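Just below sit the structures, each encoded as structure tokens.
After this come two complexes, each holding chain A, first together with chain B and then together with chain C.
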Partner chain A sequence: MQRFRELSPLKKKEATFGWKLVSPAIILIGLFILYPVLYNIYLSFFEVSLTPGVPNKFVGLQNYKELLTDPTFWNSFGITMLYVLITVVGSILVGLGIALLMNKEFPGRGIVRALILFPYVAPVISTVFAWQYVLMPLNGPLTILLSNLGIMDVTKDLVNDPNNAFIVVSFYSIWKNFPFIYLMILSRLQSIPQDYYEAADIDGANGWQKFHHITLPELYYVIGSLVLLRGIWNFYKFEEVYLLSKEARTLPIYLYEKAFTGLPELGVAAAIATVLFVVMMVLISIYVRKVLKW
Partner chain B sequence: MVVRKRSFIKTFLFWFFIALVVIFVAYPFAYMVSVSFRYDSDAFDPGLIPENPTLTQYAQLLGLQESIRQQMSEEEEQLMKLLESLPEEQREQVLQNIQSSRRRESFPFLRWFGNSLLLAGLSALTSLIIGIFGAYSFSRVWYPGRTLVQRGVLLVYLVGGVILSVPLYDLFVRIGLTNSGGTSMFALYIIYIIQTLPVSMYMLGNYFRTIPESIEEAALIDGSTRIGTIMRIIIPLSMPAIITVFIYAFMIGWNEYLFASIFIRPYPGAYTLPVGLREIFFSEHAVWAKMMAASVLTAVPVIVLFMTVEKYLTAGLTAGGVKE
Partner chain C sequence: MVKKLTVVILAVLVSAMVFTQTITFWHTQVETDRQQRIRALAQIFEAQTGITVNLVPIEENEILEQIPRAVQSGTLPDVIEGGISPILLLGSQGFMDTELNAKIIEDFGDVYEGVSRLMQAPDGGYYGVPFHAWVQGIWYKANLFEERDLGAPTSWYNILTAAKALNDPANGFYGMILPKKADAYTEQVFSQIALSNGARPIDKDGNILFNTPEMIESFRFYKELGKYSRPGFTAVPEALNGYLNNEAAMVFYSTYIMDDIAVEEVQKNRVEQFDPKLVENTGFANFMINTRPSSFGEVVGLGILKTSENKDAAEQWVKFLMSGSNYIYWLHMAPGGMNPTRSSIAQMDEFLDNPVLERYGKDQITTIISALDTVERFEFMEGEIIEEMSILSGNFVIGRAINRMFANDWTPQQTAQWAQEEAERLLSE
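What follows is the complex of A and B.
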């Protein structure tokens, strides 16, 4: 890399101009993203006081000790991992299936395509109320339907029961986010040259063989990146989980309740955030090396 | 091309799956719309088609019709008559009590809608403007450290809102931006900008690279300044991407609950839609029809926005670089 003072005057002017243009963004990101990440780690070693004038108390690793010996934390940790696994796999399977279906021409495709984007586009708060309505115990239409099919009891409260809330939340996440996967996969599908399939037809390949030997390899990197993106996003997911059912105790919910409800324990919450961040970083680096082979 | 006649079973299965997809997607929306056209007392009537359809929920939310909660009860009306004989000061006192209890029970949907519109709109606009210049800088101008800037912007993807919630809250409390509804909204404005800025820059940067540099060079030779070419060439040519980014950023602000609940919970006048609707939902019961009407009204603006630019949106999303 060339150093700034070695540049020609014209290039210097250009470089200064570039920095000037990007500086508002850099300052904002530095001040409100990078600095808070570091400040968060700092806070995790303190008992944070929100009373003005009372300084934070340094407690060393106390917050981490408290956290790692708390069974609720480990429970949340497990739920989070399961939630990420189910939602990533589920939304990719659903998105892939529907993308394959929508890749064919049929009358009314335009309308169906627009409709498919609805869950992704509609605000979380609206769709959450709709799902809570259909899943109401006793009265909810979906509850009644499921009990008529003999799948479950009509009195069962799916949403607010801590034992199964996370299943509902996972299902909701798949429903809400599959359109994103579907869009990405569909656009990749449409760029696969048709002659691959024609050649396979001539060789007498059947549908499954074509899918296995042409479509899937072409989709490898898209799906690989989607797993990464959705994995990251679902790991941190707060709104979609909390608003539908705060009984689904994933780590972000645990953090929120520690930090902002009851007696705030910001230091412990900062420790949770740090753990979340570190786990995420480790998972990402392993994944990027092993699966995406960057 | 090998032409194969599709069998009846295959066609049947195909349409069966299409129907399944439509039901899967539309199921909760169908009930949301249906219930929104019912009276609260009919909210759990079976079937999708309301038996006594009514627009009353919408009329009440939009302030076209007084809700029962706003109408005075008989008791209150009698009280009002009694009040006329009271001395001035005492009357004021009682009136205030009545008003405050009624305000607590009302559903200021339009106010929350306005707050959400203001916050999401302004932050998306600001993020867009800063993003345009930032993206231009790292996609078109060369300087030492540019790669670092590009990577840094990508790295921000790894930081979720939850991780920032504790330090940002602490930070804003210390600056004193949490002690009134107005300042808390300002804090949210900043937070929504930074939540959307990385994605704005990334998406716009990708788009700017597709504009041929020769167009810009021609303008520069004709004596245009760099800023001039951004204004007169880059921005007009990137309109599809710019609109997509704006809508995307708008959506993020419109949906945001985490920070909004932390910062504006104590100030009902500053509530955004997600916070307001959730508070109402947990504080009152049997308001299903109204909740559904409110949900429809919350969803309609964004769905309409998206559908009008669906073509661009799909292109923008799939160009990579999307953040929720």
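What follows is the complex of A and C.
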């Protein structure tokens, strides 16, 4: 690579012009991404004061020590990992299944394809209220249906029971997010050349063999990217979980409670955010190298 | 001529922009009709004083979460309307202008002492000005109690006996509606039960007392009541709807329920059928007794913050809200629920001139208001404020303990132990 001063005058001008063009983006990224991240890391070493005029107190690694020895943190961490696993696997399986169905020709397919997107495009707050309504004890339509089928007691309050809340929010997340998976997979399915399947037919392959040897390999990178995206999103998922039931104690909820309830501990909350950031970066880098082979 | 006129208009506009003051007011009246009334008051205030009031409605359960966020972003209001917990939390962190709040109380000269005490700062002055107040108790179907010859649900014995006798789940009718969710409502109901048994979570010396025999007994009574209560973990709206819908014989509720019981339009906003006899058939137990009598209530205060840069405007707004017809207009947005904290207003015919208050009558209203002088809370003990309580309330320790007791079928001892450990953990941090 040539040094800047060794460049010809024209190349120098070009390079300067290039920097001028990208500088707004660099400044914006610095302001809105780098600064908050660095400030958060800085705060994690302090006991943050809420009282006006009282400065923050430097406590070194105390916040991290407190956090890593807190069983509630590890409990929330475990719940979050389980939540990510269940919701990512669940929404991918449902999305894949429906995309395969919707890839087949049938009358009214256009309308059905559009309707499937409804959970994803509807506002979170309205779908949360709908779920809370259908799952109400005694009068909730779904509660009544499930109790008529003998699956559940009609007096059961699924949403507000801390023992069930995790299951309900996981189901909700799968229901809410599978259309995104379905959309991505469907668009990839439509670009797989039909010749592959015709050749497989000639070789006498059955449905499963065609799916296993043609469809799945073709979908590998789409599904791989979806797992990555949904994994990141669900790891930090707050609004869906918190609005539906405050009893599903995932890490973002734990962080929120540390930061904003009672007497807030913003230093500890900053330490949680930093730990989450590091864990996520490590997981992503392993995943990207091993699975996506980038 | 045109130039001169333009200059004059510009001068007026610039001076208006320079001299117009704006104050921010946080309040907990999130219902649409209440917000309309507050907007109307703010408009009248602006017309009279030229001061604009920026209104920010915040859900009661959310207010403790909003405070630290506002502190960090420097967006604290000039004046806040809120219950004791947020006012105490802000006060204990040095945010409230205790002197100015005290001056307003002194200027009025007729604020009830009992409610003022609940806003008193330990080093003199007041964290807030008591604005309006409600009393909590058991609202019950008095006609059913008479038919079965059951005593009024004031003692633990009477409450449990009535809950058992009237519970009829096969016909969709329950002895009681009891909150079991991890929220402020559950804590309020439990407070009254515990206080009537002489139990408190924290004493004056800061000792945590969840695992005392009195407290365990209170959890036991709560769990026992749960057997005869409507299924579900129940939040405030479900409790209200359940009682109006004739799904239960008793409900713990504040005096805010009075207009829902008495006024057809209000009741029909909640349930389909209006029951015109509900007022006559409803009784109110405004105290509870087991080992000692106890009343529970909430005082909502108006507090001016130390951080406010418009103290004079804030003082004018507080005084405007608590004076004459403005005050009565505010109180009438929830007749019975919002009771005046100034004796001169409570005695005004204009205050009692209201369709709801008329139906209950002057005597019952006077009884409710008089209970405000004897209201007890976990945050106060023998005239002293127990500030640690706001941390436990902010983290819903009691609500979460009760929620887990029912969800996991914990024994009262297990529940008390969990609450003890959780409180110790939170207060040691």
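Everything that follows uses one rule, which is that the second predicted complex is superposed on the first by the 268 of 294 C-alpha atoms of A that agree within 3 Å, B and C clash if a C-alpha of one lies under 4 Å from a C-alpha of the other, contacts with A are read in each partner's own complex, and residues count from 1 in each chain.
Methods note: contacts are C-beta pairs under 8 Å (C-beta built on N, C-alpha and C of every residue); 3 or more make two chains touch, one makes a residue touch a chain.
Because the structure is predicted, anything quoted here is derived from the model rather than measured.
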Exercise for the section: Quick one: on chain A, after the overlay, do chain B and chain C clash, or do they fit? Just give me the call. Expected result: clash
Exercise for the section: Applying the touch criterion given at the start, work out whether A:Asn163 contacts chain B, chain C, both or neither, answering first, second, both or neither. Expected result: second
Practice task
Scan A:Thr51 for contacts with chain B and chain C and give back first, second, both or neither.
Solution key: second
Practice task
Have a look at where A:Val89 lands relative to chain B and chain C in the superposition and call it first, second, both or neither.
Solution key: neither
Exercise for the section: Applying the touch criterion given at the start, work out whether A:Ile29 contacts chain B, chain C, both or neither, answering first, second, both or neither. Expected result: first
Completion exercise
Larger residue footprint on chain A, choosing between chain B and chain C, goes to B
Exercise for the section: Identify the partner contact of A:Ala259: answer first if only chain B is touched, second if only chain C is, both if each is, neither if none is. Expected result: both
Practice task
Classify the contacts of A:Val121 with the two partner chains as first (chain B alone), second (chain C alone), both, or neither.
Solution key: first
Exercise for the section: Mind working out whether A:Glu247 is in touch with chain B, chain C, both or neither, as first, second, both or neither? Expected result: second
Exercise for the section: With the two complexes superposed on chain A, say which partner A:Ala270 touches: chain B (first), chain C (second), both, or neither. Expected result: first
Completion exercise
Only one listed stretch of chain B (58-66, 94-102, 130-138 or 202-210) runs into chain C, and it is 94-102
Handout entry: Contact residues of chain A, present in both the chain B and the chain C interface
Key = 50, 136, 259-260, 266
Fill in the blank from the handout: Residue positions on chain A within touch of chain C in the complex are 50-52, 66, 136-138, 154-157, 160-163, 246-247, 257, 259-266
Handout entry: Residue ranges of chain A in contact with chain B within the complex
Key = 1-4, 7, 11, 14-19, 21-22, 24-26, 28-29, 32-37, 39-40, 43, 48, 50, 98, 101, 104, 106, 112, 114-119, 121-127, 129-131, 133-134, 136, 139, 141-142, 144, 175, 180, 183-184, 187, 198, 201-202, 229, 232-233, 235-236, 238-239, 242-243, 252, 255-256, 259-260, 266, 269-270, 273, 276-277, 280-281, 284
Practice task
Could you pull out which chain B residues touch chain A in their complex?
Solution key: 1-2, 14, 17-18, 21-22, 24-29, 31-32, 35, 44, 46, 130-131, 133-134, 136-138, 141-146, 149, 152-153, 156-171, 173, 190-191, 193-194, 197-198, 201, 226, 251, 254-258, 261-262, 273-274, 277-278, 281, 288, 291-292, 295-296, 298-299, 302-303, 306-307, 310, 314, 317-318, 322, 324
Practice task
Going by the contact rule at the top, pick out the chain C residues touching chain A in the complex.
Solution key: 64-66, 68-69, 71-72, 89, 93-95, 172, 180-182, 230-233, 306-307, 390-395, 403-404, 407-408, 426, 429
